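Below, chain A partners chain B and then partners chain C, in two separate complexes.
This part shows the complex of A and B:
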């Protein structure tokens, strides 16, 4: 079995055992209501994490996703309160805005050869400010709470049977993205760009276009998550999504996509998202202080990365040992 | 002997000219700008950013970055208060222990970055997240007012020869950091590791050790800034310095330090800190809402970075017409 498959089995085992422990500790954990809410929370993070995984596979990073969520929700709210346009017109505009921000990130990264994280941190700052400026204000200049009443928009937050629509969208998107990166040429270009950009360029892959495309997809995913978030909350605030980058990074890292690029897939991210949602729900259900949550999320990122490096070193040693053993007879033969 | 080159001098001092231009613009735009009160105000905010910059600059020089400085500062204030007022320790001992915790945080950042090959910004972002949680947990989420001991509060409030003590502290740290970077073996090693890690390793420099020390320096100066901030504002709060890390990075980038590593200027970072202070102050004076601050910081970071890459506006327009030659392409390929 491959290293990543064992890793994934361990994660699923942990997922089940933590879930079992939680349902023993608190009976209100194992109710359909709680599980579905947890799945909905996970899907909101997960949709963003899918786009983020692709960015991470190209060895980049996108810190602007939280701010994209904020600005997209503000665009929707502005359309709702100042125009009477129907939702099927302004939702595509909001999604296109996400793509545009991604294009902007990608352009600065590829054209000026700037470090990814600083470009996306700068756009994060710009978008955070813009979201506050674009917020709908009352006559005194305070941010007004707009209640969304659009039927179609609110239907995004509804359920099909017991399952929320966002969960279905999450799994469909995960399936489609997994197919895209594993089975199409553009998908393998993403892997090639991350594994060795110079080699990819020399093979004739347009790495700049691939990178810009990946950042646009990341922006699109964040915008999509934002629409579901607004529909669920039935309102939008300029603080939506700010600081959610750490949740997304933690989910993707738990899922086994390293920062070095060239490796990773969507199923890992899906498992990682579920894992993180379970832990966050567990902290809530065990009645722990909410301040523990950032400690756990920050700690998980560091610990997972450290364990991964240890495990990788261990696996490599074992492979090297096996290879040496297999070589022995041939050496004697020579 | 080399002839004295006026053009070179003008170029070297270009940051200073931009600063003067900014001051002139602000004093035209607002008549409240060039008053003693306002300039003192700017100096306060510059002081904290300046102290953080003197240490935080070592991370970019070695090719990394430290995004956790602001949270370390907030945590330092809370811990110092806890040690002095809850554990009743001597204030000097409390400061020493706080700085020791700063060393520990920097060491963890450095170890995870170097030994486990994780990008520095991820490690320090994670550190920022969990340190914020710890700060909230320790302070119980409260805004603590520090009333005791007088000697601790004197750090921020007292004046010597009419100049506040934090200014002396900043000047001392700037001189120290400049000497460390430009005139010691360690400073040279930092630059070597940031410029070319393999070459540095082959010439006998231990890159991991150099980087770990760089993160320790960064965390310690952040703790010093946190202590100064706590005694200046007389309060300790987990959200005290939120967003300062962006101001620090902006200052460092304006100062001409490339985030790719391999060069850096403490004096430039200081001018950058003053410029950030003026920009924030100018936005306040022009009655702009606070939401314009991150926008201004973001744009300044992008523009400064692009200028550090050696792109000028006429050249950029020329290249846009001929997109086959993007800047930096020869360097990276």
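This part shows the complex of A and C:
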């Protein structure tokens, strides 16, 4: 079995054992309602994390995802408040807006050769402001958060059987994206761009186009998550999603996609997202003081990542040792 | 030997039985303020804890880090955990409405603090935000003799409580003191350090600033620090809102002009009592939200001594 497969199994093992420990600690953890809410939480972060994984594979970073969530929610709520257009018209417009923002990010990064962090951080700032400007105001100019009652729009927050729609969308999107990066030419271009952009260019890969595409996808994913978030909350706030970047980054990194680019995949991100959601949900069941909770969450993440890195180092050492042992006899033969 | 054993056993049994009869029904009540680490939310908590101490209640607090999304997550979680009642300070009226409705549909009464949600629920125990804002507007107008420049340090956009305070304040000025000019209004995110920044910019832009209204005490304290270091504290009247202990002390020292004080211990206790009355069946849930207003008190240098030490939070 490959090292990466074993690392994944370790993470899944941890996931299951923490889950088992939590169900012993508090029986309400293992109820259907709780598991479904937990999956819903995980999916809202997870959809954004899928797009972010691709960005991270190209060795980039997208700090604007939270702000894309905010601006998309403002677009939707403006359509709902000021027009009578149905949801199936304005939702595609909102998603297209997410892609457009991603295109801007990608364009500035590739055309002006600017650092990804700076470009997306600037976009984040601009969008945060635009979201406040676009927010629905009352007669005195104060921001008014609208209580959404559009039935079609709210149906995005509903369930099929016990499963929330957002969960289904998350897994379908994960499946499609995994297929895309592992089985298509454009997908392997993403890895090549992240691993060694110069080499990728020399082999004839249009790295600029790949990068722009990846940022557009990231924007699209954030916009998609925003619609589910608004439908769940039955409102849209200009500060939606701002600050959620950290959860997304944590999920992706726990899932085994490093900042250095060139490696990682979507299944890792799915597991990482579930892992983070499980800890965040489980911690609430332990009756701990709210001051202790963030410390425990941080502690578990550190332990997980340390275990992961330790195993990776151990496995690499063993491979190197095996390789040395194999070389010995041939040398003696010479 | 055997007889002694069985006697012991029966004694133990009867002790257990009476023990069980005496123990009241155990309740789990959750507390979700916008943020746990603030004077106000801590005062609510200890006020509520004092009430719950008399009954068999597990009172658990959760931190939402000022985010409505986190509050919705927490609400879902308390519903799934089968809590008996929830005391909630909504970060936003619209954003928490669906969650409150969901909880109430499962038979979990929700008592909101300060910010009301849009659909009927058990009760809303609130400070009189717009009324107190109005009161402060009148006090400032009066002390300036109806003329001067005033700035407002605002809460984040969308925070209902802050908006109501500001609206009340503006209404008082517009009605009674039309010659007072509002020269600036900036958001300082409810916090002190941001308020220092905002106040500094007000001070630089306006050479003759006469009064500042900060929609909470943290921000009023920040404004005081900024005005003091600019050497203009004597010329500027600063008003806060809430009446936390540190601000009352600054009022005694003459650094802050005044604040709208509410007894937060009392407010938290009122919410707790209401929850217990609903759970024990003393009160029945009505068709409309029961609104309980905790009256404010204008604390200035002259009146602050009336607030007893044990009522300061």
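The criterion applied here is as follows: the second predicted complex is superposed on the first by the 307 of 334 C-alpha atoms of A that agree within 3 Å, B and C clash if a C-alpha of one lies under 4 Å from a C-alpha of the other, contacts with A are read in each partner's own complex, and residues count from 1 in each chain.
FYI, contacts are C-beta pairs under 8 Å (C-beta built on N, C-alpha and C of every residue); 3 or more make two chains touch, one makes a residue touch a chain.
Just so it is clear, the structure is predicted and the values come from calculations on it, not from any experiment.
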Which superposed partner A:256 touches (first chain B, second chain C, both, neither): neither
Partner chain(s) touched by A:291 [first = chain B, second = chain C, both, neither]: both
First (chain B), second (chain C), both or neither touched by A:232: second
Partner chain(s) touched by A:132 [first = chain B, second = chain C, both, neither]: both
A:61 touches, of chain B and chain C: first, second, both or neither? first
First (chain B), second (chain C), both or neither touched by A:37: second
Which superposed partner A:219 touches (first chain B, second chain C, both, neither): neither
Chain B versus chain C as contact partner of A:119, first or second or both or neither: first
Common ground on chain A, meaning residues reached by chain C in one complex and by chain B in the other: 132, 289, 291, 293-294
Residue ranges of chain A touching chain C (in the complex, touch as defined): 26, 28, 31, 33-34, 37, 41, 132, 135, 140, 142-147, 229, 232-235, 237-240, 243-244, 280-281, 284-285, 287, 289-291, 293-294
Of chain A, residues touching chain B in the complex: 61, 108, 110-115, 117-119, 121-126, 128-130, 132-133, 198, 201, 245-246, 249, 259-260, 289, 291-299, 301-302, 305-306, 309
Of all residues in chain B, those that touch chain A in their complex: 65, 112, 115-119, 121-123, 125-134, 136-137, 141, 246, 249, 253, 259-260, 289-299, 301-302, 305-306, 309, 311, 326-329, 331-333
Chain C to chain A touching residues, read off their complex: 36, 58, 60-63, 67-69, 72-74, 76-77, 79-82, 92-95, 97-98, 118, 156-158, 163, 166-167, 170
